[in-house]
Each structure stands twice: as C-alpha cells, then as structure tokens.
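First up is the structure itself, then whatever we jot down about it.
Each chain gets a letter, A, B, C and D, in the order it is written, and its residues are counted from 1.
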Amino acid sequence: MQSSKLFRQALAIGIATSLGFANAAIAAPDAGEYQLGIISDDTGPIASAGISYHDGADLAIKEINEKGLAGEGVTFTLSVKDSASDAARSVQATTQFAADRNILAIICCVLSPNAAGVSQFAIQSGLPVVIYGATREGLPQEPYITSVVALPGPQEVLLAERMAAEFAPKKVAYIKQSDSDIQSARATKVQKVMEAVGVETSAEVFVLGADTDFSGPATQAMVTKPEMIFVWANQTAGIGVITALRQRGYDGQIVTSDIISPPAVFEKSGATVANIPFAVSFQPGVSDSSTAQAFIDAYKADYGKLPDVYAAQGYTAIHLIAQGMKSLDGKPTRKALAEAIWNITEIEHNVYGGQQMENGQARTPGTLIVNWTKEGEVKRWEK
Amino acid sequence: MTVSAHQDQGAPLHELRNVMMRFGGVVAVDNLTMAIPKGSVHGLIGPNGAGKTTVINLITGMFFPTEGTIHFAGKRTDGKQPHEIAALGISRTYQNVRLFSGMSALEQVMTGCYLNRDSSLFQSFLGMPIARANWRRVREKAMHLLERVSMADRADELAETLSYGEQRRIEIARALGSDPQLLLLDEPAAGMNQSEAREIGKLVHELCDAGLTVLMVEHNMSMVTEFCQSCTVINFGRLLITGDAATCLADPEVQAAYFGRKKHA
Amino acid sequence: MEMLLDFWAAYSSTVVFAMVNSFIALSMYAVLSAGILSFTTIVFAAIGGFMAAQMIAGAGLPISVAIMGAGLAGLAASVLLAPLFLRLETHWMALASLALVLITRVVVLNAPALTGGVNGMLVPVRVGVMEMAIWLALVALVFYRLHHSWYGLATRAVREDPSVAATMGISTWRIQFIAFAISGAVGGIGGAGMAVTLQFISADTYFLGAAFTMIASTVLGGSFHWFGPIVGAFIFTALPTLMQSIVPSIQDVAKGVVLLVIMIYLPRGLVDPRARKLRKAARERQTLRDHHAPLEPSHDTILPGKTSKEAKA
Amino acid sequence: MQLFLEQLINGVSLGSLYALFGIGFGLVFATLGILNTAHGAYASWAAILGYYAVEWLQVPFPMAVVIGTVGGGLIAIIVDQVGFQPLRGRKGGMLGALITSIAFLIVLDSLAGTATGHQSWAFRPGHYPDGLIDFGPIRVPQMQVIIIAAMLIVGIGMHLLVQRTRIGAAMRAVGWNEEAASLGGVNARVVILITAFLAGATSGLAGVLGGAATANISYQLGEGLLLKGFAAVVVGGFNDVRGTIIAGVLLGVTEVFVSQYLSSTYRDGVTYVLLLGFLFLRPRGLFGSGSFIRA
C-alpha cells in the first residue's frame, strides 16, 4: 500500500530529524553553558505582541552572557519552540523541553489558557516556568511556576481613581470585550471604582475579540451621551473601538489600557490614539531608571525600534531566571533553580524602577499614567 | 387488440393509472396508463426523449407523480420513498451503468443484497456469530449471482476496471440481489454488440422463466421483437399503443413516430 | 537506549495529541463516509470535553468513566441534532453546522456554571499514553467492524450514489442518522481526550481552527477508509513540530503547501483503497495484456440527494 | 428615532460589506462549484496592497481601491490556476476543492501575516475619507456612504452582468454543465478565469473598503468576512446576486440591532440561531426555487 509507505517515510524523516536534533543537544555543553527554553508566539493571532516578548528575551540573554549576570562563567542559550498561540502545541513544546535534560527552565505564554495547560504539565514533570504574558490570577504554583506579570487590578484602580478625581464625570460608558477574562476583570475593577464615587454607568457595551466593525457598539455607547468612555478590549478590537468612536465624532474623554502603548500602535493610528490616558509600568520616554534607559538603547540598537511593554516583560522573565541562577553556586538542578526563583522577593535587574515578587507573583510595580501626544511621544498624562 | 391474449397470464403485477408528471411547465409523462403483466418480459419503447426513463423513475419512487396513481402487487406505491419501494420488491438497472466507485464486483452485488441482511448494527460490530453467519450467507448468494451473469471469476476486481458489457452484467446481478418480483432494465443492451446483447436477452428470459417479471426499456428493435412478449409504446410522454410486441411495432403510428423521427435524427 | 527514552519523553505528548486528534478526525470521517460534510464534530467535542471536565474536576470521577460519559453526551447531542440536520442538503448542512459551532462558542462563554465561561476549566489529571491508546484501539476496532458490515457497505453506497443506493432498499436517512450518532459518540470522546491532554479547556479549544484543521487532516489522510483519518491526524499533529525543526520561519506556509501538493497529486488522500485496487488491476492487466480499456472512474461526490442526472432525466 | 436611524445605517453599511464579499463567494460556488475558504484571504491581501499603495507609493485613496480590487482579482486567478485547475481534469469533487482552498487559506494568511509583520495596520487619518457627512440630525462617516454606494453599484452591475450579458449567460452555462457549455461554443476556460477574477475583485473591494472603515488591515481581516459572507450567500440562495445582497444587508442590520436592542453579549448567538432557523424553514435561500446541484 503506497499510502502507508508514504506514511512510513514521513515518520522515518520525522524520527531522523528529531533524533538528529536530540543528538546535537546531547553533545556535551561547555561548563557553565546552560539552556533555557521559550515557548513563543512568533506566529498566530497574537504574534504582534508575541514577537516583542521574544525579542526582549533574546536581548536579556545577550546582556546576561556579556556581563556575566547569571554568575561567574555562566552563559545561557535560548531554545525556541513556536506555539502559534495554540494550546496543544504549547503543551507539546513543554513536554519536549521537559524531556531535554539540557533545558533548565522555560519562559512562556501570552494567553492564559496556554499558560494554564503548560503549568499543569510543567509541575508534573518538574520544569521551572516563568510566565511573561498571561495575567490570570492563581497561575503561580510553588515552586515551579512563577510569573513576572503583575495582575490586573491595582493599575486600573489607580487610573480610574485619577479619572474620577480630575474629571468628576457624571455619566460614563464601558465598552468591554466579553470573551476575554482579563479584559472583563479589568473593566469590572474600573467600574467598581467609578460607581463607588457615584458615577452613573450610562452604557455597558460588549464586543468580541474577533469583531472588526465597531460602528454599532460606538453608536450604542455614544447615544447615551457619556462624558467618558472606558475601552477594555484586546489590542485589535480596542483600537478598532477607539477609531470607530473618533470616526463618529466622539470628542469626550476616552480611557483605555496599555494595549495602545506599543510604538507600533501610534505608527498605525497616529492622532487617533493621542490624548488617551492609559496605565503602564514601562514606557520608553517616561521610564527613566538607568536600567530602563540601557534596555531601551540596547533594544533600539538591535531591532531598530523602541521596545514596548511586552518586550520589557520578556526581558524581565529571563533576568528573573538569571537572578535565581546566580544564587545557586555549583551545579544547578531544575528543582533547585525553581526554588531559588520562587524565593526571590525582588527582581534586581528590572526596567520598572523596582519590581517586588510575592509567592512567585510579580506585584504591580510603579504605575505610570501616560498618553500619546499628537507628535508621537509618550508623556505623563495631565488633564 | 391483443391485450386480452395476455390476460391469461394473470392480473398485472404493476400498473400506472392516468399518471401525469410535470417538471415546471414541461409535461414529461402525460396521462399514461400502463400495465405490466405478471411473469412476462414487457417492453417499454419510444423515441429519444419520449419519457421512458421518467416512467422508470416514477415506478421506483425517484419522482412522485403530479397526478395519477401507481400500484404494485395490489399496493399503492406513489408517494412512497425509493427505499420503501425497493423493499416491496422492485429493482432496477441504469441506462448509463451506475456502479459504485471503489467497490469490487462482489461488494456491488452484496450491496444489492442489502435487504437480505438479518443482523442488527450492534450484532455486526460486536462481531456476533449471527452477524458473521448472515454475512457469509449473503456472500455466497452474491457469488452465486455473479456466476449467474458469468462474472464469478472477476468477483474481486474493481468494477470500474471492467468492460462496459461486464459492468452491465454486474449491475443486473446487483439488481437481483434484493430478490425482486419486478426488475426494471433501462436499455440493458445499449453499447453492446449483437452477441453480447443476445446473451443479455437470454439471461433475461431465464430470469423470467424463474418467475421474475421484467420491464425492459429498449431501443434495439430486434431485442424487443425477440425477447419481449408484450410492450408499451410511448411518445412525448403519451401512450401510443400497448399490446404484443409484433403488433405494436407494426402499428403505422408507431412507425411514423419512431422510425420517422429516427430518420431525421 | 537513553536517546530513545529521551526521544519518547519529548514526543510522547505529540503521540497523545495525535491520538486525540484521531478521534476528532474519525468523528468527521463517520459522517463524511456517509456523504455528509458537517462540522458538528466540534460541537460534540465541546459537549464531551466540558462533560468530562465536570466529571473529573467537579465529581472526581476517574478518566475512563469521564471519557465514557463524554461519549454518551456526544451521542445524545448527535441523536437530538441529526433529525434537524438531515433535513438540509450538503452545503446548507455544512453552513448550519458552522453556525452551530459559532453558537456553541457563545453558549460556552455564557454558561460559566458548566464551562467556566471566559475563564475556561482546569482539568487536574492527565491521561496516560496507554490509556489513550486503548481507547483509540477500541474505537478503531468499532470502525473496522463497521467497515466490514452491512452498515459499511451501505454508507459507501450512499456516499457514491444515494439514489442508486435507495433502489437497493437502503434508506439514506437511516444510514446518515447512524453516521451522525457514531460521529457524536466519537466526537464526544475526542473532546474529552482534548480535556485530559490539554488539561485546560475553554471556548477557544473547540472552535473554527480545530474544525478546519481536522477536516483537512481527515481528507488528507483519506476519507474512504477508516484508517485514513488516523494517518491524517498523526501527520497533521506531527507536521508543525517537524516543520519547526526544518523551516521554522515559514512553517505555516510549508504546512499549506504540503496539504496542497497532496490534494493535487492524491485528491482522495493518502489511504485510498480504490487507488490500491486500481494499481493492482493495472499490474494484472500488464501481465495479462488484457484489452479491456478501463472506464473513466465516475467522479466521487459527497452530495447526497437526487443527482442532477436524475433530476434532468 | 435618531438612534434607530444611525444604527440602521451602521447595520446597512456592515451588511453591505458582507454582501459585497458574498457576491464573489456565491459566484464561484454557482459557476465553479468551489466552496472557497480562501476567499477571505483575497480581501486581506487586497487591503494590504491598498495600504502599501497609499502609505508607500503615496497614491490617492481611490487609486488604492482600484489597486486592491485588481490585486484581489489577480490573486484569485493565480489560486484558481494553481490549485483548482488540476482538480478539474480529474473531477476531484467538492471536498477536494474545499481542502485545497483550506491549503490556500493557510498559505495566503501566513504570508499576509509575514507581510504585515503580524501587526494590524490602518490607513493614517487623512489618507482616506474619514470625515462625516451630515444628513439632517444624523451624521454618517464618509466611509459608510462609500461602502453602501459601492455595494449598490457592484451589486446591480453584477446582477446585470450575470443575467443580461453573453458573459453572464456563459457563466450560467458553465455552472450548469461545463461539458455542455464547451459544446455550445462557450470557452469554458475563459469563463472560469473571468469568474475567478470577478470573485477576487469583489472580495478585494470589500477588503480595502472594510479595512479602511474599521482601521484594521491584517491577515485576519478576511476571516470575519468569510463566515458572514458565507451566511449571506446561503440565506440569499447560491446563484442569485439579489439574494446575496438582501441577505447580507439583513445580516448586518440584524447583528447591529440585536446588540442594540436585545443583548450585545448574545449578539452572535442570536444572529446564528436566526440563521439556523431560517435554514431549517427555507433551506433553498430567499430566491432559491429548485435544487441547486451541479452537473
């Protein structure tokens, strides 16, 4: 049967290729040379952010190796497996990393579902994971799973309090993405703050992440004549909503999240996203610590563009591992490394001007409330 | 008329009574009344586009008549689904051979024996002995039918690799699988040479002798005169004449409609 | 030896996912083999998946019980849906099934008590390779038996030519109803399989991406024999991993091109019993120097209902 | 009342995109018998080409629309000749064509992802008609007016083309039976090329206009259009341009009204349940009469 012959051939090629790779990996590494893994989102629906995380991580590796930040004579290489944001492929990549004895730890995941699946498997096979993107509560688990992403909440609360104090609006509308747990959670936090100070909710409009046309939702929100509209949705949908509001002539205050912080967004939307306040923990032009400045310069030199908040998170994830590594003298094991990382209470090398860790979970670092100017710069937001 | 001569063969097995079939504005069958005597080979003839195949489709339930009634063995069949009519004992072949692609000759005929199955789905996927015994029995029956059409030695071959004449014979064996009382043959000799056609004719006669009633749509006049006891001639969906074959073909109206047209074609 | 163990440790999960995808592909094959193009498999998988997740995470039942429950849930859903769907002809049915996939997503997102809503559900246990293999073997055995049964013959007849099949006493409706039922049960099992391998399921787990990938792998493997979908599922699961190591930057393009090339050169898929028999016949002809010219194979259609030839007769 | 009218216009404009997209999709199905899932990729690519034209070559927006539209048509021809033509000779059936189109969907989408750096782009403010037009108390974005007008012009044009011209007659003939059409003096190959081009071009037009109106030019642009366009075609009846237009517009209006007046959470649910209900009640579409099955 030719078909089964074909299948056997394909299988043979697959095995040969993979064995070849296994072989290459088994070739004994130099003393002090360790491998980390990244389950990236270089392709797929959220690749726009995924690539930034990956770039940030690459930069961190380079820096650590040059400066010996992971300890004397310790160098890292980064092994990449692209998940294309697919949960099954994320889990497969985890098992492959887990089986590869040279891999000490991995960083991963923008999407919470993928992070949850990866974590479960990593715990079962004892592989340290540092999460750099997913913001679901309760992901960190002692000692193997840690997260350098601050949970949503505090930043939104700060932002909302500031808006309430400075504008004292009477009526506010919320446009939320109903199929995203993170965005709904953020919107709820904001809404609570606003309602607590007596701001009336004029409309709650739900959109879906895959929507493209937002003229209906924009009209729906605008018709209730809110003084302020909060937009809580993923990047594409959120910018779509903002554009639709502006296109239809809404000139009230729009407030949103860090989805518009990447420089690529301003490049795309220009003045449409100007003067919209959002809260971030890292932003070129505003973050002014020396570490941040060094990171921004190095990133610009390597990639020819400014880093965004995602790149900063990928960068931080690798530095967290380096810090754990440094505290281990001698032969690191996965378990020892996991414990070392778990016990870190402050990330030394960070771009936020201070980053606390508590039970494997990054706490919200300094919050910057900023906005794009019409000229394409990010400034601290002022009314 | 000679119809009375055949009444001694008993009541008609199958009848169309005042059947009309319209497709949109086109009348394909126009007030047709036709009876197929039990135990005979009955011919249905007429020029191209006369509506012969439509009649077969009406009998097998592919089409529901716009008006009129259809009766088989004393039961109304118009409005019944094709598979229900098949279960009553009517089976057919096709003008342009429609075997199932990808099945061997034996599998084709076994599919034709579908109505012979007496094991349930559960029995067969549990692999119960009753299912296996039934399967074996039907397999033997299918082999026997293939032998009958002299195709037993090609049982395992894919039907589409066989010649046209062989495919026709397999189709007849398949149609016989359901043990029909009435077999409808739609131009069984089309595309065959004279000797192949005669073989088919002989086979039909043997079947008839064994008690089967046959309706044969045929173009080949010598086939009709040689093998049909009686026949019905239609043109433009209307009945021209019905009676014994020789009389029908000699009828001047038939000559005009049939051969007159044929000359111009 | 150690290398082999490493290899197995690295790729065992790929094998498990391939087995899980095999269920989904077999579920699609179940209806496809009876001439129906339907994406309802994904709906059955979702029902089975959340059912299993609830049974395991909520009720603490063992995996095998949960998989059984998921199969039954899928079966029940398909039996309820089939009468509605069988009223529609092919493309309308395909669309209706797509619409149902989209509706399922809305329902999953808005029924947090059953599905965790936007948060999805964690499944605390992971299925073993052996257990999954046993389930797949069982299901494959059922398909094998069915293939060599009345039902198998009838489905092939209905798929190739439903009106001819009807004149043999085969009820298209009945055959397609059974096909739906099998698809439902197997789809439910597949959905549960996804739950106990991904260990996290949400509305996105059972959505269009899975529908398109799985129909493609079913047809790629071959939709004329039950072994085809399994082959297709294994290839489609292993392909991204393989492409990743060969051409990481254009892995998706490469995947599309592989699919395209196979469809152009082997339009009936990798496992094609007819092609095998045709080759055998060709070989025999060569040796026998048979003069019979083979007929052009009639074109395979998945359209049930009356054919145009009939309609225009 | 004002809200109602504004939302009505939103719905009609959204629906016009679905209709515009659906016309080509239906045409390919009726004439060539292909359920083409790659139809959405034409729209994405047309929008990307339009973007390049405006932002890099600095051509005016109307020119970009033309470039995108023609580009969509050319891509459709390439896809047809590379992927679908080999299947025609061997009668691969509907399923083979479907899977081939999925292959193209994967390839074209991921190439589009690479071409855009996986980002979502948008025409810069001022580089496309982004102003408002006042109709009494109602202010309507220019893009919405343009989209509705484009749909009407293209829709009526296509309907006349298919029903009244020789090319249209030839298309219908090929749709009915390719072999018979060739015998009747119709050059089937030419008709296939024209059909593919028109389908790609209408999809491309929907892509450029939609991309501009929604400020979202990415490889995912076509995905949303695909499902809704497919729905419009099915509800409208496969081989009737009028049906596709009416169904597309209805779909858009339904979506917007459901989320305004019923529930925005259940918007898609309600829309698709209505669609399912319609299918079960009237499986042949708005204008469908006989069974549509290709020879």
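Miscellaneous remarks
The criterion applied here is as follows: contacts are C-beta pairs under 8 Å (C-beta built on N, C-alpha and C of every residue); 3 or more make two chains touch, one makes a residue touch a chain.
Here the structure is a predicted model, which is why all the values come from computation and not from measurement.
Of all chains, the one whose Cα centroid sits at the greatest distance from that of chain A is B.
Ranked by how close its C-alpha mean sits to the mean of all protein C-alpha atoms, the top chain is C.
Taking each chain's centre as the average of its CA atoms, chain A and chain C sit 35 Å apart. Computed from the mean C-alpha positions, the centre of chain C lies at a distance of 29 Å from the centre of chain D.
The distance from the centre of chain A to the centre of chain B, with each centre set as the mean of the Cα atoms, comes to 72 Å. Averaging Cα coordinates per chain places chain B and chain D 48 Å apart.
Of all residues in chain A, those that touch two or more other chains are 43, 178. For chain D, residues that reach two or more other chains under the stated contact definition are 110, 113, 265, 268.
Interfaces, counted as pairs of touching chains, are A-C, A-D, B-C, C-D. Chain C contributes residues 32, 37, 84, 87-92, 94-96, 98-100, 102-103, 105-107, 110, 208, 212, 215-216, 219-220, 223, 250, 252-253, 255-257, 259-260, 263-264, 267-268, 299-303, 305-309, 311-312 to its touches with chain D in the complex. By the touch criterion given at the top, residues 3, 6-14, 17, 105, 109, 117-120, 122, 124, 126, 194, 197-205, 209, 222, 228, 231, 234-235, 237-238, 240-242, 244-246, 248, 251-252, 266, 269-272, 275-276, 279 of chain C touch chain A in their complex. On the side of chain D, the complex with chain C involves touching residues 29, 35, 37, 83, 86-87, 90-96, 98-100, 102-107, 109-111, 113-114, 227, 230-231, 234, 238, 265-266, 268-269, 272-273, 275-276, 279-280, 283, 291, 293-295. Chain A contributes residues 43, 45, 47-48, 50-51, 178, 205-208, 210-217, 219-220, 223, 235-236, 239-240, 243-244, 247-249, 264, 268-272 to its touches with chain D in the complex. Those residues of chain D whose C-beta lies close enough to touch chain A in the complex are 2-3, 6-7, 10-11, 13-14, 17, 110, 113, 117-122, 124-125, 130, 132, 139, 141, 143-144, 210, 213-216, 218, 220-221, 223-224, 255-256, 259-260, 264-265, 267-268.
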